[in-house]
């Protein structure tokens, strides 16, 4: 497991012209523009509710995130349909849009999650988006419905040449029983599943290497893992799909940069930073962004 | 959280021409006609059953509410398809129609509510309605079905340029476990959810600021709230969607006016009064209406 | 609650030309032909099974009911698709057909009933029916599915100008918990619900005024009711939809006539008699029919 | 209940030309060809699994049943789509095909059965079938889904003029609680239900007249029944739909013939024999067939 | 049960021209090319997760399996849509593709499995596949949904002349209760079920002949079985559908060859080897492949 993983090129991915044209813009025309991806998501208002904004009240106005995405500059901003309709028009063309197609609140039980479609690939085409986002709950007792729902999205995306970013999340009661959503086992399976189903880009969380939790995972995973190995492993399982890693909750800038470097070194194509950026003041958000952007420059291709 | 919230203008909302034309009429051609909204709903016959009319027998005849809406004048009357078909024809053009697309009785358990579609956007177009209404049960164990159902309504509304008013109600067992449907947490999440999914106007209840109930909500909400702050907060979470507040059960006129002023001051676009109006005699109903209308005049724009 | 309820006229109902033309025939060209309705249903073979015929073996042959309907004469006969296809052809034009679109057996549990569609409005059009029938289980835990199913029927009926008679039945575990299907509360809610969803004619059972059962209904209903008041109340809740009352199980002719007069006096548009008629010999069935017809003559308009 | 039941004629059934043309062939051009039906089913490989063939290994090859059907000659052979595609081609035209549209294995619980569609009426048209078969589980907790599924089959069959044979089986937990699937109550209700929903031919099992089991059925059935009376009763409940009776498990030839005569005397249109025929050697199977055919000659019309 | 089973010829199968043309290529133009089939599946990354690759890291890169399939040469490689899109293009035409249409992770409970569609027959046509694969869980409590889903696949496959390989797996709680998924009873029923529903080729596991487990199966199976007899039995139950057997987990080469010979002798048309091949180094994988290929030469026709 010590081989070097190379991130896939656009050629490696055997994309249709439409997907290739759009991904090319995300990789080379916006944000770092050097073949890496830096994405700003603002779907937390739906996924977590406004609680994420109570201590960062500027963030409650979605225009705040759009301004950061433009100024960053970020490769794209990822939002649900409601915000896209109201806030994207004045940024159209200046910052790419990733239309998040499904989403849910965190209120009901998470035992058997599924994220319903709130928008379609056609909405994304109409709005000039360069990609769509889809949250897949790998391992949920309702994954059969999720796969079926995803299939229709994939078919539409094929029809319109629209790249798909899969937020691939291990979830549900069975995942909890096998060590939880953050083990290398869980993230690894999620990475492969998204690749098997046809994701172009896969958004993953950095696995946690707590051996106690891993003890409940299948035997093959019962070995010592460093975070580096774990990250390389999940990127390997994504095959020729690009991987971007989440920044997760707000942490220190140094930790954030360190984790970002680790991921990029391991073969990630990019990063997706939300709360870690916009739960700060506008100027602090841009400072963090600049540090990350500087880091990304080392990974141009 | 003390910033002044400005209610969104039609320009802020980036509406399609069809939606803009219809909302313009609701805001500037009917009712207060000064950019505010005053809506009269009569869907309680379905939602609560005829019990709401037993002590106000005039109200059992839907023509009573239509007469009040016209005489008020109200910006619109909101009804289900059955009443629209039978009672709206003689008021067509004289008072705007909001066709409520879904609804249910209160008889079955409210643990996992969903409000089924009883009519379509096409019905609304055919009847000359200026908006459709949709009840969304945020946090219900069946919210995945609800979101999916709403998506189709949104798509149809986009196709026909029909504004959507979302009755955004936190509901279901998980909401009860987190302090109930009236906490600022619950209403706030409902406001943002409706905005994320693409509501044009969001109908909310005024949050209750009972700290005991709020104690079961997420930590970020564990702070002292005045009603004013709570109302401003939920309006802020609605972003560029307009907010109208419900009057709820019949109370004293003074209380009603006071609450109405508080909402409008906080940035609401309008009010929706049902039982508080039509559970009175015709002349009392018009007296209350006139007081509220007078109040609304202060908020013209 | 002592006002006189007038039954709605065809003009009151604001019907489309197709619905009006068909209802006109039912009201003025067949049966009593004086603006009242007298309907003979034979869907009990499905709803109850052949047990209803074991002590009245002539009734097991559906032609028996068709002959009674023609000879009565009844305003219409209401049957499911299977009987319509096999027995209606020789009566076509001579007695109107109400095609019952949904139905079920009484075998499975009645905790959460829904009545599945066995035929469509198009079948009714093809067979020359003058109305369709739909059984709605108001308050059932599955009422969301029921409302959604009804919506499609309503849309088809709108498309073809076909009147809808809703058999509006309070049912399911929650109704049982609130006093059962026969309280004035339950029937009243069922009447309003059918009207809200767009029924043209509503078939109701005469409420029972047992105060003990009503004690479990909402507070507003906790008052003394006579049967007359209860019947007037549920007719009032039906608004501008016509109401027809069921005869229920076979009883004495005097009781039947008395109940019929009470309903018509209270504002009903008609009656629907099944077992009370065809669980008798042919000549007895016609004798009862003649008595009821004579009664109906007093209510012409 | 002692009246003579006449089996329905093609004229009685008011069939469309397509249905009539196909039924005519089944009744008068193949098999006994005298207006009776003798059907050979081989769907047990799906419904029971290969266990039915372990002691009759020739029967495991479906060609065995096709040869018997041709040689019999039988009025038709009834099979699922897989066997129809592989084995019918060489018999096409020489023996009629009844395409069984739904089916299931007996492995999962039978508490709430439904038989899913494995083929369509269009498949039957394409293969030149003269009828389709549908298994209806009357009384199953899932009968609502079953009725809805059947409705689509009926509509397709109407569109293409394809006769429908309904295997009408009382089943599920509620049937068990009321005395089981073989009481005259259960079979009687199943017969009427199939007729109400639009079956052209109804396949029934001969009721069992065990008074102990019947004791749990509705009161009206609490009377002494002979098998003859029970068979007449269920045929009467089928109305103008033809009835064919199943032979059930393999028994003695004498018993089989006796039961067959009883059914035909009571007004059945035909018989359907499976295991009783093909769980024998080829020559024994033809011997039984010849005896039954001889019997059928007495019922020509 | 000692008769010799002949594997079906293309003529026996009565295939449409499109199916025949494609199957002909699989049988006579690729792999052993002598009328037998040797298939390499790489869907384990989805079905089991990456755990299958942790001790064979080369296998984590799907290109590894594609190289083996080409070099083998194998009759086809079977993969899900995601891998087909990314890895098949450079092998297109040189090695046949079997597009696996459904699949799931092993994470959720296996009590009531169903494998959701991740791709369609149209995807297979577009990619130039020569067959599609479908996993059917015979006996699952959700088999009704599975059969319905399969029906649509079969219809599409008929429309496009695309052969269907059914991975026919006995599964679910009821199968466990009857002795588990590996008894001759379970595999036998699965074989017949796939044939009844219209499979062209059926992938089975070699039954286990543990009498203790079989004791819970239906009585007819309570007899002594050798593995040879069991394999012949399940092939017989597949009728005119071809059977290929799985190699299962990695074992010794000698055992593998012995089992392979037993299956081919018993009338199998081919073999499907996954982990047994690609959980080895590239050269070891080709060594095993060569031994199996040599064996297959004895079964040409």
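Each chain carries a letter (A, B, C, D and E) given by its place in the written order, and its residues are counted from 1.
Operating definition for what follows: contacts are C-beta pairs under 8 Å (C-beta built on N, C-alpha and C of every residue); 3 or more make two chains touch, one makes a residue touch a chain.
Source: prediction; values computed, not measured.
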For chain B and chain D, chains touching each: C
Count the residue numbers both chain C and chain D use at their shared interface, divide by all numbers used there, and answer same if that is over half, different if under half. different
Approximate Å spacing (C-alpha centroids) for the pair chain B, chain C: 35
How far is the middle of chain A from the middle of chain C, if each middle is the mean of its Cα atoms, in Å? 57
Where in chain B do residues touch two or more other chains at once? none
Which stretch or stretches of chain E touch chain A in the complex? 43, 45-46, 49-55, 57, 60-62, 80-83, 85-87, 89, 103-105, 107-109, 114-120, 123
Where on chain D is chain C touching in the complex? 1, 3, 12-14, 138-141, 143-145, 147-148, 150-151, 154-155, 170, 172, 174-175, 178, 185, 188-189, 191-199, 218-221, 223, 233, 236-237, 239-241
